[in-house]
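Scroll down for the structure; my scribbles are underneath it.
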Amino acid sequence: MKRKEIRSEMGWSTQDRITVRGKDLPGEILGKVSLGDMAFLELTGRLPNAAESKMFNAMVVTLVEHGVTPSALAARLTYLGAPEAMQAAVAAGLCGLGSVFVGSTEGCAKLLFEAVQNEKTADVKALAQQIVAGTKRIPGLGHPIHKPVDPRTVRLFEIARETGFYGRFCQLIEEVSKLKNLTLNATGAIGALACELGLDWRAVRGLGVMARAVGLVGHLLEEARQPMAEEVWYRIEEEASAHLRPKK
Amino acid sequence: MKRKEIRSEMGWSTQDRITVRGKDLPGEILGKVSLGDMAFLELTGRLPNAAESKMFNAMVVTLVEHGVTPSALAARLTYLGAPEAMQAAVAAGLCGLGSVFVGSTEGCAKLLFEAVQNEKTADVKALAQQIVAGTKRIPGLGHPIHKPVDPRTVRLFEIARETGFYGRFCQLIEEVSKLKNLTLNATGAIGALACELGLDWRAVRGLGVMARAVGLVGHLLEEARQPMAEEVWYRIEEEASAHLRPKK
Amino acid sequence: MKRKEIRSEMGWSTQDRITVRGKDLPGEILGKVSLGDMAFLELTGRLPNAAESKMFNAMVVTLVEHGVTPSALAARLTYLGAPEAMQAAVAAGLCGLGSVFVGSTEGCAKLLFEAVQNEKTADVKALAQQIVAGTKRIPGLGHPIHKPVDPRTVRLFEIARETGFYGRFCQLIEEVSKLKNLTLNATGAIGALACELGLDWRAVRGLGVMARAVGLVGHLLEEARQPMAEEVWYRIEEEASAHLRPKK
Amino acid sequence: MKRKEIRSEMGWSTQDRITVRGKDLPGEILGKVSLGDMAFLELTGRLPNAAESKMFNAMVVTLVEHGVTPSALAARLTYLGAPEAMQAAVAAGLCGLGSVFVGSTEGCAKLLFEAVQNEKTADVKALAQQIVAGTKRIPGLGHPIHKPVDPRTVRLFEIARETGFYGRFCQLIEEVSKLKNLTLNATGAIGALACELGLDWRAVRGLGVMARAVGLVGHLLEEARQPMAEEVWYRIEEEASAHLRPKK
């Protein structure tokens, strides 16, 4: 069978050199590039300018911590059984970042990206109407708690205006949100802002994934010091099986 | 059964407020705190000062990208089967950050932390000798490629000197490295620096985990655009089963 | 907030008793029930009769082992980094059982179940035509290697005829396969047979997941004895970065 | 660099043939081999005889279902966020099968295997005393609920006597359990029985992993029909953050 080339641009190393995305890791990155800017480098192949850095870091930071979520609980319950393998507990917590909680960031970015790419109209209102007409469930709209406005969206769009990233994609999703009369939640705002920054929509779910990895490590440290997983287990197990157990 | 309290300090939200580690997320964090500093906040409950921020970001950034590692390959092969669930591909990649590759960061931090805590001597050389005598395999020493020095260690300790974090733990692990005549690799340096920053050793493996989550998202975006996983599969499958197949 | 009940029928235990799905584990299950029949009990709440057992075990066994797949490679590469956490290596291997490889079992079962439930016609050919007309991509059809027939499908339907489970759902998917002129692959056959057995389509992806967990343990034991992961890594890493490295 | 061979004995396929562990999958396995016996084939390269099959299936079946455990809860909470990716929910549930809950099976098998391999005495009591003297924490002993006896151990050793697998390893762990005055729990019994069957201790944690994969699919189907994860989340989140929230 004819073989295809296997090729990656991410990095390489030799005995005395380590190069990441074309830059010397010790000499050009360490001590100069923050974690958020490094993430931008990983996703785009270049370092962000100051405006991009501010916008991008704000987007990712938004998704780090949400208190005791299902994802944080899954990580804590996993750590209870395998404290020697914290990486697996973080992995378990990440596995739930699917269609219900974080995936909407990706869905929104994809929707907006494709709509703008295929648009036959320059008019944002008309385009928003097309989206609403053609899409059953629009990702990034609606929130069980934050309504009518999600305070994160307000702040993210404020930063977008400051940094020059409040553009066509932001307008479009705001218009769609008005037409549907649903809160534009933080995942919708981040989806739009990812388009403004020119990120590939296929990387957008990854913003939430990397952010939550940071947050999950925080939860696991708290679990190590001030545990709750065992107590959660005992309570739920007892209640869930109470109707089956022999009456005393 | 008597119930224990369930309690977390990570955050909470109401209709119009979101508080993370005691700070108002939209008002006090977004646009002001970078991803790396947010990670520091998650692990310590406070924001870093400038020196801490520089040191901490350098440590985490060191661990983001290492080219096509086993972890990156596992993530890419997982994405091939489930491109709709990028979170699971990152999770798969993280699962391998165990005793062989990233876990040594934790092991080194624990070793140094406990040695200093229990020390009966103020002399670093004497303490290093005790460690070498009492420990079979010292985590954070040795490297298959970077020898005799790991260029990341050199640079990290340079930053440590600049920021005032080159202290007792760094001296100790350097002394141990000399006694064992083994390269002090980046995971050993980061383990020592985590102690200097006062991080809990139980969070230290998490530095690598969060960093690699960032790097794995980068690899998965590259995989989406310039795939290698299918070709890896075909080649390895063919070679691995060649001796079993009927000769033509 | 009003609380909902938390309730599970799976099992409970006390000091001297362990009950699983209403049966005494030591007295009624151990030594009497095989692993495959136990899986049937977990999914249906009752033990299978002989015909059901034969059919069900054949379906699950089909999905255990496929040689060096992307999933097996992901598990092996994970084990290389964390041999102390085999559970995480199996987890990594399972994460890739998504839309591309195993998810089609679920998709096919759901499609057939809903088609038959909503059918207005008793005629299998007419129903197959409706499905083909109304479905863009039919899960369970097509195979890159096994064509025009998948030998597993042939054998599974032979067992279905022997055991009395070749019914309406099998006929329907065979008809659909003919209309589309595509191989009915094993995942399609298993999807149809799951409907014949009355399994809930929401459990059907789980058949592949449990089967592959068995197979992945097999691969990891082989990896422990006769490793390939490190060699895969070295080769791919070298080739992928060759164009970046300084020419000697 | 000189290349090593990449080689696997697991299986291969061509257009019209699928071979697994040297057997024709459709012709020699499907309809003839149950899931438990298939697992034995994966781990040993041959099918079990009737006694081996009875013993092995009983061991694995013991580990399938334990009610609402931390692992089951982690899987259910993951499914809540990503119901489209059941494989990831099972993966999350497996990630916690570490040192605390299931890993003891492996630890016990390793301990017994190595003790017998290195023994200088033929006397079981003397060997048990050596083990107790030389081992800080013996895996497979002690149970929070099942004491003084674990009813699964009693039954598994009964089956072992029936099938001829109650031998030296079983005697040894029973002797150790008496010396330590701790319950011999099911994971300890299974560790010993794995040695009796000649299984490689490196595969023994995998018995629990494959078994729990079966059980987790059962829990996820129950979660789909009769959910508890969302309610668990709401309750725990509310209680955990109550002390932080503004008093009304």
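Miscellaneous remarks
Should a chain be cited, it is by its letter among A, B, C and D, assigned in written order, with residues numbered from 1 in that chain.
Just so we're on the same page, contacts are C-beta pairs under 8 Å (C-beta built on N, C-alpha and C of every residue); 3 or more make two chains touch, one makes a residue touch a chain.
Keep in mind that this is a model prediction, so the values were computed, not measured.
Taking the mean of C-alpha positions as each chain's centre, the chain lying farthest from the centre of chain C is B.
Comparing the residue numbers each copy contributes, chain C and chain D share more than half of them at their mutual interface.
Separating the centre of chain B from that of chain D, both taken as means of CA atoms, is a distance of 30 Å. Here the CA centre of chain A is 20 Å from the CA centre of chain B.
The multi-chain contact residues of chain C, meaning those touching 2 or more other chains, are 6-9, 11-12, 14, 67-68, 82, 84-85, 87-88, 91-92, 95-98, 102-103, 228, 232, 236, 240-241. Here chain C touches chain A in the complex through residues 6-9, 11-12, 14, 19, 82, 84-85, 87-88, 91-92, 95, 236, 239-241, 243-246, going by the rule given at the top.
The residues of chain A lying in touch with chain D in their complex are 67-71, 73-75, 77-85, 88-89, 91-93, 95-103, 228-230, 232-233, 236-237, 240-241. Taken together, the chain C residues at the contact with chain D in this complex read 1, 3-18, 20-21, 25-27, 29-31, 33-39, 42-43, 53-54, 57-58, 60-62, 64-68, 72, 85-88, 90-92, 94-98, 102-103, 106, 145-147, 149, 151-152, 154-156, 158-159, 162, 200, 202-203, 205-211, 213-215, 217-222, 224-226, 228, 231-232, 234-235, 238.
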